[in-house]
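Presented below are the structures under discussion, each in the form of structure tokens.
Paired with subunit B in one complex and with subunit C in the other, subunit A is shared by the two complexes that follow.
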Partner chain A sequence: MTTRVGVITFPGTLDDRDAATAVTIAGAQAQPIWHKEKSLKQVDAVILPGGFSYGDYMRTGALASLSPIMEAVVEAAKEGMPVLGICNGFQMLCETGLLPGALTRNTGLHFICRPEIIKIESNTTAWTNSFEVGEELLIPVKNGEGCFQVSNEGLAEIEAEGLVVARYQDNPNGSVANIAALRNAQGNVVGIMPHPEHAVDSLVGPSIDGLGFFWSIAGVTI
Partner chain B sequence: MTSGADVVGSKVVLYGSATGGDGIGGVSVLASEVFDESAASARPSVQVGDPFMEKLLIEATLEMARADLIEAIQDLGGAGLSCATSEMASNGTGGMRINLDLVPLRDDSLSPEEILMSESQERMCAIVAPENLDQVLAICDKWDLTATVIGEVTNEDKLRIFWHGELIVEVPARSVAHDGPIYERPFHKPKYQDALQANSASNLPRPTTGAELKQTALKVLSDPNVADKSWITEQYDRYVRGDTVLSAPDDAGVIRVDRIGGRGVAIALDGNARYTYLDPYLGAQLSLCEAYRNVAMSGAKPLAVTNCLNFGSPEDPEVMWQFERAVTGLADAALEFGTPVTGGNVSFYNQTGDQAILPTPVIGVLGVHKEVGQRITRAFQSTDAPVYLVGSTESELDGSLWAKIMHNHLGGMPPKVKFDEEKLLARLMRNLAQFSLAEAAHDLSDGGLLVAIAELIFDSGIGIELELPDDLSVFEYLFSETQARAVLVVKPAAEDAFIKICEQLELGVTRIGRTTEIGLGLAVLGEFEITHDDLAGSLTSPLLG
Partner chain C sequence: MERVIVDVMLKSEILDPQGRAIAGTLNRLGHDQIANVRQGKRFEIEVSGEVTDEVLDQIEELAKTVLSNPVIETYAIYLDEQEAQ
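Take a look at the complex of A and B:
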């Protein structure tokens, strides 16, 4: 059966359409979900897309993490539903506590939009099982607050448990340990700062390297 | 959707931000204020933007449009409510009643004049039939936007505005919207103009040896106008919504508008203040030619023109002459190209004291791609591929970047305008796109062949070796700014077909060199070589990230 992936739209979400397109290209079915809804409509997985929900007021992702739908997302995630947070979605996952750490202002202070190379370190998550460990992907970053921060103890735990999903080869924003993507211990929740949904069509993206994330959830074997 | 309120009984709905004291008189004050010591008094006239609110407004408006719920709509821009209500009434029945007491305010102390003139951002005004009102209000509620019915369309012949129960405005809407005063400002040719045009750059000292040419080239490439702009362009999101086919540093931006059929639009904006100062009529035309050429480079068919005309004070008869000449030149050029001017914007009073800016018409051209997948880019991958120069080169150095950078000189006549050659070049590019014969293309503009070649090398990382013809000096080939020219990297297997098409179009082309290897930089045979690192160093030095 075709995998149904919910794509949640918050006020200020920008990349919901891109995420839905990527899901469709990968052979799964995209289900739009409005943030004021309370039910996940029996989807098999959820994407929290990029953007600037609530104008990034207070902290990035902070207000969105209190939206009605997020209660259902957190509950489902704890029960094992695959959840992918991209950029602003990664920030929301940190705000809800589903992932450790926080995303802060880039070290260069500027918003940066350019393709970067990331290297896959974990392929046992719901979102990266179609990749090889060590595979290098060319994927756009576009963030102003993409600098991942975590305490020394938190970092030690992340490294000890192997929770880093991907690292930057040329760190654009000052993230500790070059972390570009992170998972929970179960491997169903992944947060990623670069945008795989912008690398699924070579006419408009720098590569199609992002497709693997969506193939992984669609159950496509290559 | 239109902006005409032509169904009697329809509701006037104001939605978005509350109205505040910001931006009062923004258009009229900012547009007529000379920026001098007293400019601080204009500060409250500056509007404060809120991108988040703007995004909500866009989404809500698109949702209303998709459900076909609105009769007419207009954003609140210059002159705020007074402009939106009078224009919408004028475009419709001519009658409208507005109750200003219903307008949501950020500041209760605003007078009715201020409410009418406020240019607070992120507000929209829609005309909605009574049966659709509930749905429109529900969409605004979904996006957390305040929406208020502030009046309705009438079959009266006037716009009537009430405040505290009192009729405070009663005017024929058409008169406000369309019968504005027309100025007949005096203008005359500046006293300096003839001497300026006589002061040609052709007598300036030129580099002659290979070493001098190399030094000149590196200096020109490190000018901020030539520099790599990625420090700026990387601060903007080019990927969002997944339809950006070409963006910086390509010659035109290309957006796919139809994912199934593949249709797309190409857009380029250009302006050259130095050419326009030398001759405002020709300068405006040259700006249009460059934008037309940039759109054509992507393989698109140029279709329409827009503009932003930036000048000093029109009360100065010499500035007014520049404006009159530029507008006439633009109109004549648009006629030549068969490209209508669909709209535009004028910015006057750009000066400090008596010192006006150089006249700066910025011209935008929009073109169409039948199939965006056929677009031609600036990036190439082939080594040992032929490099061609399309168009003929003359010695045209007046107003050039070389004269400015090396001699701080601005005088003479700008390069000749070549409408027929521009049109032929555009046709060639469409043919090359259709048959996929070009690997990369880049137009020649300010900085001439040198800058175009350097940018091609910088973007791809692959070197180019030039062997220039001897009908002009190497210096003239590298720095002349003759119009209607482009550099093409032709696919090696397509060289014969390329030449055949050029012959059919009777377009002059010259093979001027070949691509070499990664990292080899620029070589001008018999003259000089610039390594890739030196070339990249010059281009990136002004704007290091």
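Take a look at the complex of A and C:
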């Protein structure tokens, strides 16, 4: 049975169509979901795509994380449904508390848009099980507020529990411990600041290294 | 109408690159005495009716859960005395 992946669109979301395309290329089925809906339409997994939901008002991802659909997403995530938050979606996952920490303005203040190398450290999540630990991926970074911050105690917990999914080789935004992607303890929820959905087709991306995230979910047995 | 003010600031241990850039520019303009700047947010909340303790409690809850992110920010709540007569 084909995995059905819900892709949620908020006002100001940009990358929902790229995420849906990536899902399709990987052999799964993409189901668009509008943020005002309350039901996840019986999808098997959810992607919170990148963009600038609500114009980044108040804090990035904060208003979107209070959207009607997010209640269902948080509930489903707690019951084990795979959820991937990319960029703005990662910011939402931190705002809801599904992932620790917060994302703040890049230390260099510039909006950064370029491919970066990240190294996979955890391949036991729903979204990274097709990778090898230590695998290096070339994936576009595209953010103004991608600087991951967390208290020292919070970082110690993250490291002790092995929640880092990927680190930057050459940290572009000041994130603590070079963290580029993070998981929850169960491994169903992953947040990533770079954009794997922009690296699925060599004609328009720097690599096809991002496909593994979508293969991982497409291969999940239901 | 009475107003309640909620100030939200980044915690002292959280890096504030905007504040740092502002301080750098002020220094460049010759204001050498300015050692550091931190930038925050101010929410002015107009309340219909009286600001009772219960209303303040509600606003405090919102300040804690919505207007600020406790991972990176702190908040302070006070009545806008100029508006409240």
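Operating definition for what follows: the second predicted complex is superposed on the first by the 219 of 222 C-alpha atoms of A that agree within 3 Å, B and C clash if a C-alpha of one lies under 4 Å from a C-alpha of the other, contacts with A are read in each partner's own complex, and residues count from 1 in each chain.
In the analysis below, a residue touches a chain if its C-beta (ideal position, glycine included) is under 8 Å from a C-beta of that chain, and two chains touch if they have at least 3 such contacts.
As the structure is a computational prediction, the values presented were derived from the model and not from experiment.
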Partner chain(s) touched by A:174 [first = subunit B, second = subunit C, both, neither]: second
First (subunit B), second (subunit C), both or neither touched by A:183: neither
Contacts of A:108 with subunit B and subunit C, given as first, second, both or neither: both
First (subunit B), second (subunit C), both or neither touched by A:59: second
Touched partner set for A:150, first subunit B, second subunit C, both or neither: second
Partner, of subunit C and subunit B, that touches more residues belonging to subunit A: B
First, second, both or neither for A:35, with subunit B first and subunit C second: neither
Contacts of A:11 with subunit B and subunit C, given as first, second, both or neither: first
On subunit A, positions contacted by subunit B and by subunit C: 108
Touching residues (chain side subunit C, partner subunit A) in the complex: 10, 13-15, 17-18, 21, 41, 66-67, 69, 71-72
Residues of subunit A touching subunit B in the complex: 11-12, 14-15, 17-18, 21, 34, 36, 52, 54-57, 108, 110-114, 140, 142, 195, 197-198, 201, 203-205
Subunit B residues touching subunit A - in the complex, by the definition given at the top: 50-53, 55-56, 142-144, 230, 234-245, 256, 372-373, 545
Subunit C partner contacts - residues on subunit A that touch it in the complex: 58-59, 62, 66, 94-95, 100-102, 104-109, 147, 149-151, 154, 174
